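Please find one structure pasted underneath; my questions will follow.
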């Protein structure tokens, strides 16, 4: 398709290294904001999530907040914060917006990770004489890691997408080409940058998925029996993982 | 599952879902039938506007003037970019649009050399495609202009764009994102005035950025009230880098004659100072376009 | 707050438009997700494929998807249909996965019992499996609804009018009250719709437990799903 060819030509053209927003720089800036905001959001959300997951307190509030936070339109939040914090402090305003939007997913990942653990394992740890802190660090956190990483993954992707929107306030990043391209009717620019953004998001997602897979404690992987579902109810009886 | 009680609940649920579908079905925002029901009626005029608050005010003025003259008006404001509304104008979905001569001419003839108001207006009439025409242009303009703060102008002896080449500090130009690629952007400054500038896509906060110092030259539209209130210095453009851009009504040729009198009367009364005052009412007094338009029309004896 | 008092009718009009833009993707998405979710549940091959594709689609940032769609669909670049299709895609991505998970969570013994009683496959699905999967399906619909309502605002960047207009217009005129109103209204609408859907669920499924039970080991809760802004 002609347009697709134009888009790829745009991506790999040497002009991408000049001008007010060179492509490598935009990618780097984009990743910088993403990782910064994800890190800050993680620092805030993970301890909070662990507290909620371990003690069970504040769970309903956390669920409510996560649900409500999903409703917040990220585009509006950025514009609002830029005006409130000040147009001379756009990076700060934008980062606050990113962090606010990333916290719910990471929080959910943290506490559901802990909640999903079989209560008997926690009881056994308590029976063996571990202190609450030891239970948290030696049992709950390792077992809860996959879901936590899943939450961080979701949060990071949310932030990547929001950084794209933040180009509207001149933050830089990969959204800039779309914002610039629309009034110029430069479809190669728009499509090209959209492709770069999608690839970036997918690569990031893939990396997180890999980490999520690797982070499962070895003891858990070893103990898993294959879950069997009958394809037809007329065949043999179902064999489920032992529930005794 | 299908007990009597459950049937009742199912029915209620179906009604709710059906209502939701019906609500979406009779949407006037339904993308597949944008205003086509009005293109047949000769009495209904559809007016559009750009995603720019000042343009919306002018469109509202046209709308109320036409309503006062007995037309039925449908408003489709904030359509967005020229790509979106020009096709609608050409096929009759939209009948009238407040536009700006210079920018519109550049859209159709990117290589045009006309720069003064009259030249641009004359060329525009020819450059427009079949089916579109323009009515009288007003004296009010809202065009691109390069501005600096008073302090910067004094410190660097700037009065015109010609003085830029001699400035020793690095220059950064601020403006809408697409300015970087426009012929009157950094490339134009270099070729016409020999000035090298960097670029920062400050967008809607251009004036704030100029005042804060993150950029030292800014593209501020000439009807922006802040040029006066913030004491900005508009650099003169002796070599005609910018095209004059007067407010002009772009209309579908079929209905042009029926609305010409009403709209041209509005155009005659719209002055540069008047337009700035309208913008002040919108941004400083935060009034709605409806109220602003109504007040302006009564002050000028058009309602 | 003067701005707020002066502009009630504008806010009202935009809210209606916003809702009109939100509902079709949710409804359409739901209808499309049922067969897709069932396919993912029924055949192991399609399950992996479908859920991977759904996950990938949801990962795509909205502002990037909106320019790509006109190229694929061959429609005008700034048509509102782009927004509707994009929102439907995101809704399907969420709901297909949740329907697949929901059907998986139905106890196989119940399915077998139904077959033993003489239910055919079609009737068994609609009379037994789907109703039992209901609560999880509803959770997915609620997430999709809230997400869609929030995403409609991005349409402001391609000229589709909704409450997102309050963002760009307020930013241009530097009226904080306007942007704040827009954000608050979007959140309020989303929460109201979420509440109504929960009520609808309780109406249609009186057997479902009121409180969300603790998550079973291994199940990935929908609240973790983040993705596209």
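Note that the chains are named A, B and C in the order they appear, and that numbering of residues resets to 1 at the start of each chain.
One rule holds for everything that comes next: contacts are C-beta pairs under 8 Å (C-beta built on N, C-alpha and C of every residue); 3 or more make two chains touch, one makes a residue touch a chain.
Computed from a predicted structure; not experimentally measured.
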Which chains touch each other through the most C-beta pairs? A-C
Among the chains, which has its CA centre at the largest distance from chain B's? A
If you average the Cα atoms of chain B and of chain C to get two centres, how far apart are those centres in Å? 35
Take the average of all CA coordinates in chain A, do the same for chain C, and state the distance between these two points in whole angstrom. 18
Between chain B and chain A, distance of the C-alpha-averaged centres to the nearest whole Å: 39
Pull out every residue in chain B that's touching 2 or more other chains. 81, 83, 205, 208
Multi-chain contact residues (two or more partners), chain C: 77, 158, 168, 171, 174
Scan chain A for residues touching two or more other chains and write them down. 82, 168, 179, 181-182
Touching chain A in the complex, chain C uses residues 55-56, 59-65, 67-68, 71, 77, 104, 108-109, 111-112, 115, 143, 146-147, 149-151, 153-154, 156-158, 163-164, 166-168, 170-171, 174, 176, 179-180, 182-183, 186-187, 190-191, 194, 212, 214-221, 223-229
Footprint of chain B on chain A - complex, ascending: 19-21, 82, 87-88, 167-170, 176, 179-186
Residues of chain B touching chain C in their complex? 1-2, 9-10, 12-13, 16-17, 20-21, 23-24, 27-32, 34, 51-53, 77-81, 83-84, 87, 204-205, 208, 282-283, 286-288, 291
Sites on chain A touched by chain C in the complex: 1, 3-4, 63, 66-68, 70-77, 79-80, 82-84, 101-102, 104-105, 108-109, 112, 115-118, 147, 150-151, 153-155, 157-162, 164-165, 168, 175, 178-179, 181-182, 187, 190-191, 193-195, 197-198, 201-202, 205, 229-230, 233-234, 238
Which residues of chain C touch chain B in their complex? 2-3, 6-7, 10, 17, 19-21, 23-24, 27, 76-81, 83-84, 126-128, 131, 158-159, 161, 165, 168-169, 171-175, 177, 200, 203-204, 206
